[in-house]
Amino acid sequence: AQDKSIVVASTTSTQDSGLFGHLLPRFKARTGIDAKVVALGTGQALDTGRRGDADVVFVHARSEEEKFVAGGFGVKRYPVMYNDLVLIGPRSDPGRVGKSKDIVEALRVLKARTLPFISRGDRSGTHLAELKLWKEAGIEPAAGKGGWYKSIGQGMGAALNTASAAEAYVLADRGTWLSFRNKGDLAILVQGDKRLFNQYGVILVNPVKHPHVKKAQGQQFIDWLISPEGQGAIAGYKIDGQPLFFPNADDPNA
Amino acid sequence: MPENLSALDLVLTGDPALFAIVRLALIVSLSAVLLAALVGVPLGAAIALSSFRGRDAVIVFLNAMMGLPPVVIGLMVYLALSRSGPLGSWGLLFTPQAMVIAQTILVTPIIAALARQTIEDLWLEYRDELTAMEVGPLRRLATLVWDARFSLITALLAGFGRAAAEVGAVIIVGGNIEGFTRTMTTAIALETSKGNLPLAIGLGLVLIAIVLAVNALAWALRRAAERLAG
Amino acid sequence: MIRFEELTATAGAVTLLDRLSLTIAAGPPTVVIGPNGAGKTTLLRIAMGLLQPTSGRIVRAGDPRRAIVFQRPTMLRRTTAANVRYASFGADRTRELLALVGLEHAADRAARRLSSGEQQRLALARALAREPAILFLDEPTASLDPASTKAMEDVIRTVSQRGIKVVMSTHDLGEARRLAGEVVLLHRGRLVEAAAAACFFDAPGTAEARKFIAGELLV
Amino acid sequence: MPENLSALDLVLTGDPALFAIVRLALIVSLSAVLLAALVGVPLGAAIALSSFRGRDAVIVFLNAMMGLPPVVIGLMVYLALSRSGPLGSWGLLFTPQAMVIAQTILVTPIIAALARQTIEDLWLEYRDELTAMEVGPLRRLATLVWDARFSLITALLAGFGRAAAEVGAVIIVGGNIEGFTRTMTTAIALETSKGNLPLAIGLGLVLIAIVLAVNALAWALRRAAERLAG
Amino acid sequence: MIRFEELTATAGAVTLLDRLSLTIAAGPPTVVIGPNGAGKTTLLRIAMGLLQPTSGRIVRAGDPRRAIVFQRPTMLRRTTAANVRYASFGADRTRELLALVGLEHAADRAARRLSSGEQQRLALARALAREPAILFLDEPTASLDPASTKAMEDVIRTVSQRGIKVVMSTHDLGEARRLAGEVVLLHRGRLVEAAAAACFFDAPGTAEARKFIAGELLV
């Protein structure tokens, strides 16, 4: 092949959940393009795009993505899909937070009973979402640092591994959780709260800024993702019969 | 680590978080090197001095263990110390002690393999005399370690370099918990994944400066000891 | 005290010793002579247990403590005194031994910095510190000045009279005459002649021995 | 890597993805060690043989560089090779070549520092003779490297161990792209973050087996050469 | 050819050479004698340029090529022949030189496995391979058998007659008598006497020289 390939900077959650393993072969079959995915923290992924080291960024932190486009680094942001965050904790659930669907209430209980909580602490999309939730709960978790609130500065998988070994609570995206193999005694305790939704967007890196960006092939990738075929492929990715991501390219507000 | 600050700012303002991280990084890697030296040097010396069937295989194995992947060591220690693991009751996972354990496992073969080579080279020179003096195995070992001590420092420094720079194992067993098990290398990894590359590199330079300082100190001690030894 | 039976030692294609049989008995020094490469050092090393013969047998009466002064002694990275102390067996006679070999003045100097002759003398002190029953000396006076050579020969005579069996090699035929009870002539790894010193020098039994004594080249 | 399969299954079924990963891991780390040896051994030897003001400082620096943090090296190479970096036009970021560059930088000081010590120990023995023979600097260097070659193997193996086990630098500059820049260590890191610890450890064991095989091969060659050299 | 002016060499508290002045001129061998530790090796090493004196001056006429046979020569980890070839300057005379020192038979053996005497002979071949104008020999016959010693002395005489200046040390006063044009007696780093060989042995100018020749201990 005459080097039909693009570099996609994405996040660990999409890679660790196995979504790309599902999508890329289909994309390649359709277009003949190799999408090389580099899975990074959200901040690092955007930075990679900013430097022109990727052709496409595919992340989940809307405000950061909009900044990226506004700064002229990206052409246009397309919403692609969402998944949801879930509160994971020990099956025994010492805080009895699993009874309600209210994530903010659950966080208040954790803080009140100083139950161990693992924060990714890496300014990833998931981490930013977590901070927003603490804010809504009126809690400054930094006060618990080193005690019940452990900020580990690592990816989703590592955070789950830590929670599994430490029997702690942790906020995770459903996709990573479902594909995660080291669940141990952990289980989903809180889910379904609207505030837990997590939107993914895809952006072509601006070829005006970085002339070597493979504009046509990158756009082909984006077009495919938001096409009915791509959206169908996303919806079709399931683990144990459960979908991990929900396509919503047609939702202009996403 | 405070946002929007360069590593230089942190150093200049004497940032307490940075100070704690540096302290922990030094304690963990120096403890690991100390423990690894206590095991690795005698082990390397014992292999250098002995001859038995399968000795070559043991040396190959030891040399290969210099290539133990940190992530794998980290995982194994993690599984052992995890609550559901065999040593879970010790409650050591995600503590500095766990990091010392993992790094000790990582560094011991490096020190042992390099010490083996160094001591074997000296043994070639001493073998006849010590054998003729009927020096017993333990004393023989002690003599060679002592007389090779200046060359062995390089082996220890190689081990220290590995421990100080290593991130894969400590992040798994230590968990990179802010204010508790965050060391220089895990902090650098974190800033990298945040996309805060200038701070990451700044911290890297601080780490390199610290490693340099430790090396300079070790060399100064060596030179002083050499002068005393005449 | 030691009997060698049909000792053969080879290294690769080279034969170091060739079916050598010899009995070393108590008494005055046994002196091994022979041209360079004859196998003198090899014989002493085998007798000392540092080298295993390829074939043949070594029979020892009991397990007498042995010590050796190598042709090129290696000093440990310590002071002169510490080298002797290191080797000491039983009571510490370091001062006395250093005086014996004339090195008291260098007691606290790094042994590896000593001159060759000084090192050879230190090696003797170290060997004596082991209080051996058999003492092997490989060309012990090769680097010594005339006075030290005399002194060393006196030491050898003294320890020999005290009952220590000395087995030594030398290239100095005069020295062999002065010290030897028995002379062993090696050539190319073979034992040419082993005889009481008096007989050997006055009436050598072989042409090779006659030639060697005359300082002629053995081929 | 297929899900639900143990590393043993992958090995036994000759999984092509695993095979490609192993191949890349070997190519990258062996190339890095080769390049590092070409630079590091002469460099270490040159320092061992020379005497100049500030030599101690150079040695301290070199020893300290054994502790270069892979993540920092990774970042620096990343910034240099990035499209916005000085060498961006080469287009090497996220390629195996970038991984070789980063690992070469990482391993060179290790090999140089260990070679320096080994050759300095031999130089003590040779100095008088070679100086008396007025052997020129280049020939002197070649002689010492050649005559120390059997001991130097341990230094090369230490470098290989570091390169084979290293993940921090290669993941940053290689990007761990499936089918392209994924190596054993980055695959292990990925499986770890997926929580697939048995597969991660299984791959780790495969990696250790490969490192063992390389070491055994190196040792066998050394022994054969030693026998030839007599 | 070489003049030493007020050479002093110290190492720590030890004085190796003490304000030594000496002129070495072309002609028959200069033989340096003296007790162990007198400074003979130190003097040769300084003359060879291997050691820097602490003070004093060395004046050389031109830059004659020098070679040395050390008291304890170090063999490179190669064969006997390769050791000579390594040192060769100009045309390769390895075979000829090995024949000269009687080592043709050992040409392909590992040099480090040679016996001490063989190594000493090899070291001479190696030094001659450099085609030196000045040849330093530090106790070149110390480990040689009587026949080899004779042969070595013949070699020394020959090269000396061919115009190579030989400066050697020895403990063998007979050898000094046989070879020396000039004798230099050192004691404790000081030059005691430097004189033409005939004068030195027949009419030593100092009490120390008289004692040394008589084989008495110098203190």
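All chains are identified by letter, namely A, B, C, D and E, in their written order; residue positions are counted from 1 within each chain.
Please note the rule applied: contacts are C-beta pairs under 8 Å (C-beta built on N, C-alpha and C of every residue); 3 or more make two chains touch, one makes a residue touch a chain.
In this text the structure is predicted, and so the values were computed from the model without any measurement.
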Any chain that touches chain D and chain B: A
Pair of chains joined by the greatest number of C-beta pairs in contact: B-D
Gap in Å, rounded to a whole number, between the CA centres of chain D and chain A: 35
Distance from chain C to chain B - Cα centre to Cα centre, in angstrom: 48
Geometric centre distance via CA averages, chain E-chain B, whole Å: 50
Euclidean distance of C-alpha centroids - chain A vs chain E, Å: 82
Chain B: positions in contact with at least two other chains: 78, 172, 189, 192, 197, 230
Where chain E touches two or more other chains, by residue: 109
Touching two or more other chains - residues of chain A: 155, 158, 161, 164
Touching pairs - complete list by chain label: A-B, A-D, B-C, B-D, C-E, D-E
Complex contact set, residues of chain A against chain B: 40-48, 121-124, 145-146, 150-155, 158, 161-162, 164-167, 184-185
List of chain D residues in touch with chain E within their complex: 125-126, 128-129, 131-134, 143, 147, 229-230
Parts of chain A lying in touch with chain D, wherever the complex brings them together: 7, 12, 15-16, 18, 20-21, 24, 34, 36-39, 51-53, 155-158, 160-161, 164, 179-183, 210, 212
Footprint of chain A on chain B - complex, ascending: 78, 81-84, 93-94, 171-172, 175-180, 182, 186-187, 189-190, 192-197
Residue ranges of chain E in contact with chain C within the complex: 11, 14, 34-38, 41, 71-72, 106, 109, 113-118, 121, 139, 142-151, 171, 173, 212, 215-218
